[in-house]
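Mind having a look at this structure? Questions to follow.
Letters A, B, C, D and E name the chains as they come in the text, with residue numbers starting at 1 for each one.
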């Protein structure tokens, strides 16, 4: 078919509500990527044209807009969505409307668990490797941790993370006990009572996948009450808050996946650095990992089009052809490589570190890093993740790279 | 003293008062007579500013009332006792009486004195000073309402159907009280609505008839 | 002398230490017109509240043809045939005048009729008849809230009668009704009651009305019965003259 | 009668709009689903009762549909009927103790119950799918599983038919003694008691009907959206239902549907060019209230000579 | 046991303090204006934003740090001064004597607007300004570190409670307010400028909400959505305490806070529902709230 005047993309993200703390960086990255790609002549000579949709309007609105956009032939690809809830809600619709769709941030392992979604792709991988990685890292830096406390946001993401983390502990450190497990509601402003409760439990390690404003509030309220000096904190989504709040040194933080803009690999890639610089220039702060996930999603789409165009001998690909090209694709992203497996879930590495102060940054960054390979931590297609983790050999951790090995 | 010229008012779009004009002479007692629904209450409410006049002017000693907010009436010394009592249930009777004094920022001495005057005129009130306003019967309430109006009044006193629901004995008592009031405050202008005039025969100086919202020919009192 | 329809036995209640009913005994017989008079605050309205279950006595009992009704709710008592008109009219102010009456009629309907249209010719005519009687007919379609005090009073009574009660309690039916209309009202009321063979108890302040219409007068003071008897004898009683009628 | 014609006209317009612009169908059907729930709220408003929790019955209807489909019942009509019945049952139970309450206490109690339901839905992860909610498989029509477009069209048309039927039923109810009594609860409960009409009974019937309507709407919504979420029971949803109900004017049955469609349109319109949509909805709401009060007929100037002087 | 009891009480009271400020404001406004202000919670969050911003400015401007304390109250007063009269005059006043539904709707519209307004003005990232908290340091209670600031809050709440009670029962303004509450029309006839009372009461309500928000900032973050949550909580507390009852709001605040703290300590999954469960139980036993005194309507 003919090359269209522009390649329409629907970009779904939270620009209202507390979740905008991740939505805005995502959207910012999208704007910047489109700018840069179009500046470089677009994809196959066709400029990108995005329509942004606020997931904050609620799932019905999201679904309505998704239909509306997909109904418009101008739009060829969708980037949706940030929240797992919306991804789950959109999945059947994606199947019906047969439009290639990239889940840019949602990472629930439920998405592809129950049934296949041929047109839905998620280059960023899922919660299982993400949170197993933290258990493994924590155990290798604090082998004798016994009393573990968990404080996660009270929704599927928080509960999933807790279950995976506990499963990993059970597998690799059976004698560890959970002394407190708190699920403050998403967007809670104050954690004072939770902090008292945690202190009273006297844990060796506090694991949390709080994020955005919640995480920042928690850190600010916990620090003066001596929580971080008492226990080793593991803040799974800490990277995205490093620039907003003084996270003490020695806290285990990281990104979900490999999306840190300044990891050794990323630092070596000048495309990445150009993007990061431009981002800081435009939005006043360095990109956080949701920004990188969004940026990588665009690279993923770009690659798919290039493959499809090549396959068609330069003829503009249909939606189906694009989806076809996405299947099983292996894409070099800003921060590493993403491999799409047969269930359309992406396999990416996991980067974790410990906060340190370094020259040139007025905020702590990741040090003592490790980069776990994606395949190692990704349960095989169709396996129940929790069971799979339980079946892993006791010496599994030993087979992995150690903290500090990634420089 | 109090003069209305071609005043009209309507409620919920329905015209209730039509082009009403009359004047109350200072120191006289004027009785407004009219059957149910004639517009007596509405007229008083309009004078008190609780219902906006759609046209016409209402003057008290030259001051135009229609442009003033409702609460300004009390400041001008116009006392009003509504048909349906309207006491503050959770206040004691005495607090009910003292309320206007508070509202008007009267000096302690002044309010003490007015209160004393009220108790002089209406001794039975003193008996129930400490009772809650919600706890007095229909008739008792009428008395309190009168007393409360007396706390305000300097120039004029407007009473809406004061005898309605009063036991005859009490009604007579009430009528006598008004008589005494006359003697004590000779300059006071009294304006009383009533659907059954006999009781007022001996204290009324003038009578005005209202019928379907407009004034009928004045009739000299018997 | 026929048997008592309503019977109250030493009822007691007090508010903030004020005894509004202090060992009240009362009997009203089938078909009679009993008037209650008394100074303001004597406890007349309270008595009606006690007899209709709106207030519960701290002691004593109320019987309707010999059966306890003391602890029934106003609704249950109304169901047993006691209707009431109030000193301060209680109306459905957002409804038209006629709806007020028709709803009262509807109270007798069964659930199914309760779900079929209210404004039907049959109910309408029935209601209009009552309204005509209290010459409210030309206000039938006005909102009840727009009626003046006096007419509200009439409507309130009409609503009570629409229940087709055996006994009706009227709290100052003529107060707020102008002197000119008073006797007219009482005449219609009386004929209505006689036709329907309704027993009536009414609290009244207008002694002329009482003299003219009451068969028996109960004089009330400070929460108990001062005296009772036929109007002419009661009005001779010196205490009554002092406390109620007042020496003219 | 005027209200009725107005409603009929609106219905026709909607039908034409939906058939001519298929992408509108989803939106309109959803609006109608909401409208049904809003009508439920409007019924209680007649009695002067405001429920900041009626989204709970909407959610019950929706989740009922989700569970039924999961357990193999996929027929559209039977889903609607069964879900509505379940919501109705819930309405009777909850209503049975709500009828004691008035004003803000009624509002708050409904809020409380709905929020309890909300947290149950989001916490009972293994049963309800937690905050990610549940999928609702595409319903079938008498055994036939239609394609995307036809499905939407059928749902849209049936929703219109349902609106008609409901419209007639409810306006009949409004004109019946029970309906009139419901309005009377607002003005004078004492008199109602004294004419031996049981207030609690009147309210319970009203409450149950309103719950049933909300449930029906929820069931529709579940099938239209194809997914159910705990948010459906969240208090802001209830807030929006009140908003819809009053926007259209609680005078008659047509109001809530007009309100719902109006709001749904404003919403998508707003959401398409700005993300400050709630501000726009809010502003639109205030605008309607202040400058087109006819939409709010029956609410304005209700108390005798209101005292705002 | 004891080493749990102490933290429990302290946490509960600290929580209650903040809730109290908002709830009492709501209850006050309702009792005087008879308007359920759904937007009340927004004033809480606006107060919080204002305080945080002002505090941040004070610090960044290099002014003495102790100024952040007056800054808290100042910003609340500022918010009240701007929104109180304005909102009352333009929106609320118009709904007096109209149906509750209409009032709820108008304030709901206001709520929607204010929520977005805050997002546009202050962005989506949470603000945080904790100088006052840091200045006051911390104390060890029952083996747990508490912020002295939390203890200060408790004291302030108690002071406010007492102050309000005295204001209502012993001052002229208090009596006038009570009168207006009972009967607006007659109040006017007796010379009370009801509109002024309404505006004052509403502004006071806004101030209390904003103060709650402002005082919360040093120990909480300020981010979108704060208003909505607070509003529901305030409604619950006001209802539990018995509408219009100041002391009721205080007691209810403590009960609700205690319930939440207990939940977090012993049954974390109940945290979010705790206030509602409490409300259900209380209203089941006392349909009009704890401190409601029922008066039989005269008929």
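Quick note on the criterion: a residue touches a chain if its C-beta (ideal position, glycine included) is under 8 Å from a C-beta of that chain, and two chains touch if they have at least 3 such contacts.
Protein names from UniProt, one per chain: B, C = ABC transporter ATP-binding protein; D, E = Branched-chain amino acid ABC transporter permease.
The structure displayed is predicted, hence computed values, not measured ones.
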Path length in the contact graph (subunit A to subunit C, fewest steps): 2
Between the pairs B-C and C-E, the one where more C-beta pairs touch: B-C
Farthest chain from subunit D, going by the mean of C-alpha atoms per chain? B
Can you compute the centre-to-centre distance for subunit C and subunit E, using the mean CA position of each chain? Integer Å is fine. 48
Nearest whole angstrom, what separates the Cα centre of subunit A from the Cα centre of subunit E? 38
Mind checking the centre-to-centre distance between subunit C and subunit D? Centres are C-alpha means, answer in whole Å. 43
If a residue has to touch 2 or more other chains to count, which residues of subunit D qualify? 190, 276, 278, 301-302, 307, 309
Junction residues of subunit A, two or more chains touched: 15-16, 154
Would you please write down the residue numbers of subunit C that are in contact with two or more other chains? 45, 54, 87-88, 90
Quick check on the complex: what are the subunit B residues that touch subunit C? 11-12, 14, 34-38, 41, 83-84, 131-132, 135-140, 142, 161, 164-173, 195-198
Subunit C-touching residues of subunit E, taken from the complex the two chains share: 296, 298-299
Subunit D-touching residues of subunit E, taken from the complex the two chains share: 30, 36, 38, 91, 93-94, 96-102, 104-106, 108-113, 115-117, 119-120, 184-185, 188, 194-195, 228, 232, 235-236, 238-239, 243, 269, 272-273, 276-277, 279-280, 283-284, 287-289, 297, 299
Would you mind writing out the residues of subunit D in touch with subunit A in their complex? 22-23, 26-27, 30, 122, 125, 130-133, 135, 148, 221, 225-227, 229, 231, 267-268, 271-272, 275-278
Using the touch rule from the top, collect the residues of subunit C that touch subunit B in their complex. 15-16, 18, 37-43, 45, 87-88, 146-151, 172, 175-182, 205-207, 242-248
